[in-house]
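Think of it as A, B and C in the order they're written, each chain with its own count starting at 1.
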Amino acid sequence: MIEISNLVKHFGPRIALSGVNLSVETGEFVTLVGPNGAGKTTLLRILATLTRPTSGTVRLAGLDPARSGDSVRRRIGFLSHRTLLYEDLTAEQNLRFYARMYDLDQASPRIQNLLEWVGLAGRRYDLVGKLSRGMQQRLAVARAVLHRPRVLLLDEPYTGLDPQAARALTDLLTEPSNMKGSEAAPSNMKGSEAAPPSTKGSIDEGRTILMTTHNLERGLQVGRRVVVLVHGHIVYDERRDAIDPAMFSETYRTLTA
Amino acid sequence: MRKDVVRRSQRDVLGAVLVGLSSVAMLAALGMVFLYAPREATMGDVQRIFYFHVASAWIGFFAFFVTCLAGIGYLVQGDRRWDALAFSSVEIGLTFITMTLLTGALWARPVWGTYWTWEPRLTISAVQWLIYVAYRMLRAAIEVPERRARFAAVYGIVAFVTVPLSWFAIRWWRTIHPDILMGGEGMAIAPQMVHALVVSVAAFTLLYVTLLWLRMRLERAVNALACLRAITLQKGHSDGTHHSSKGPF
Amino acid sequence: MNFLRTVWAIVGKDVAAELHTREMINAMLVFSVLVLLVFSFALDLRGAAARAAAPGVLWATVAFAGTLGLGRSLARERQTGCIDGLLLAPVERSAILLGKALGNLAFIAVVEGVLLPLLSALFGVPLLRPAMLLVTVLGTVGYAVVGTLLAAIAINTRAQEVMLPILLIPLAIPALIAAVRATGVLADGGALADVGGWIRLLVVYDLVIVAVSMLTFGFVVEE
């Protein structure tokens, strides 16, 4: 689904990515960890068509983000620590706007389902600026998947979330439901025990997920594959079930020293 | 390495030729203006400023035209040399426009008793001066070189497009409300004056090209130096200590 | 994706957002009245002097209030990263420009809608004429579009909004001159035919600047 080869990105004298090679299969949930400034955001932004590479090849679903911008945009959903939501609009107005921007038919039922899925149906007429950070991020997830993208790009989505909100986000990301008429919201939003961390990712829709984080435990918790990015190139790439969490923090420390 | 040296000496020769030609042209222009052109009837010798005033106004405009084209070149091709051409032309153009304004003031004072008139050519020069300054301020406010080049290119194009429109607007405005002081050029034009003007304009154009050429060469040298520095620093890092570079974020 | 539908969606979004808070439009309105006041005091505008100065005061105020709104509008997009939201959508970049610009135009139009009657009353100038409407629209469209483009540039510089008036005002000179002159003629009782030349200049200015802005906006927002 995602093929990156020799990706280099300079910002003037600053080198953000110095030759990245990465291959992500359809349906994989890959976590990209690395210290601040490693280039994780840059990598995601290139995939999201927001930045052009300096050199190297990037293919998403066989398409080049720099050339076939619109086709790629239709296939990706983007979530970052910024919500990309308009604070002066209501939850519903936000989703409706993006539905128009993505030219979606049957927007109303889809918006209704999504609002229920993220547990915000009751807050649909509230201004986004008035929602808590956790709720905003949940709405942002709804926004990101509104147009049923095959690929999700998540850039430090857990930033600023309290543990409960973080659990809710994890559930949304790893839940096998595809929101079509799902009646129950993820279990922990009803206050019950947190669902065990899912390691299979959202496979059923074949949705591919690439998530960045600088938080190690988070990286090991979600995600089926862990990739470490340091100073603009990949230094570690392993399947999650081949990693021993106890050893990993030591490994990580060495890699990022 | 040898090819480099040969090319550099070829450029040195070209540079010398340009400087030589400009000097000759300027001397010729000075000669034409002070010796060949007749003394103007009403204004006297002060009128001789007119030749330099008009010539520098012309270059001020032309330089911005070059910037606009260079901006288009950069956006289409992405080659940084287009950007170097664009801002070099602005630097030089700004100097010429400043000269236009100053010569205009020097001319206006003895003839019309005031340093400034809202006469079309002066006004459009003032507008262009402000645009040039805005361009430079824009460049100064952006750190990332690629973005600086891109934004400057866009501004150069959009800004230049408004200049002819400003010119028409100002002219019509001044036709309807002529400046009482001006009431037309008030100059008696003799054919020798036209000759002197043409030579002045040609000389100034040559001067502009020479300065542009020299400025571009300077920029090339600056870039080469920066590259060498970067390479040296990287080398230092790779065989020196293993500490994290000052690179990204 | 339908170009016009995108433009319309963005305009709708900006208007809806502004309707919720009204903070920008209020700020622009209050600012305009303050500028009017400053002019009146500074130039001691009464009687015949007021009538002569009215067109200039009108358009100077619009220009300044305009830069306020233009700067704010794009700063807001930048805050929550919403400009990325727009860029992530499969829509034409120039449609984004046009959508934002028309939204800005609507806000400036509200300010003009208040200024025109206010000036008419305070300065004793008959500005509430249909011909005036045409001049106002033509005088503002180009300004709003190029202002949006330059605001998008300005917001990405170190000086941010402060950069905008410096970049914008020299480029607005043709429209400013034409609008003020035409307004003056109309205020003196002239007919639409009398300002034909200025109208033509405004139309050419608008067409050219809108075209160039749309062509170059993509380069401004794509990194």
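Here are a few things to note about the model shown:
Operating definition for what follows: a residue touches a chain if its C-beta (ideal position, glycine included) is under 8 Å from a C-beta of that chain, and two chains touch if they have at least 3 such contacts.
The shown structure was predicted, so the numbers you read here are calculated from the model rather than taken from an experiment.
Ranked by how close its C-alpha mean sits to the mean of all protein C-alpha atoms, the top chain is C. When you average the Cα atoms of each chain and compare centres, the chain farthest from subunit B turns out to be A.
Centroid to centroid, with C-alpha atoms defining each point, subunit A and subunit B lie 50 Å apart.
Between subunit B and subunit C, the centres computed from C-alpha atoms are 31 Å apart.
Measuring from the averaged C-alpha position of subunit A to that of subunit C gives a distance of 39 Å. Listed for subunit C are residues 223, each touching two or more other chains. Residue positions of subunit B touching 2 or more other chains, listed in rising order: 143. Listed for subunit A are no residues, as none touches two or more other chains. Contact residues on subunit C toward subunit A in their complex (touch as defined above): 1-2, 5-6, 9, 12-13, 16-18, 20-21, 76, 80-82, 84-91, 222-223. Subunit C contributes residues 146, 149-150, 153, 156-159, 163, 166-167, 169-171, 173-174, 177-178, 181, 197-198, 201, 204-205, 208-209, 212-213, 216, 219-220, 223 to its touches with subunit B in the complex. The touching residues of subunit B, counted against subunit C in their complex, run 75, 127, 130-131, 134, 137-138, 141-143, 147, 150-151, 153-155, 157-159, 161-162, 165-166, 168-170, 172-173, 176. Subunit A makes touch with subunit C in their complex at residues 45, 48-52, 69-71, 73-74, 76, 78, 80, 82-89, 93, 97-98, 100-103, 127, 143. Across the complex, subunit A meets subunit B through its residues 11-16, 36-39, 231-232.
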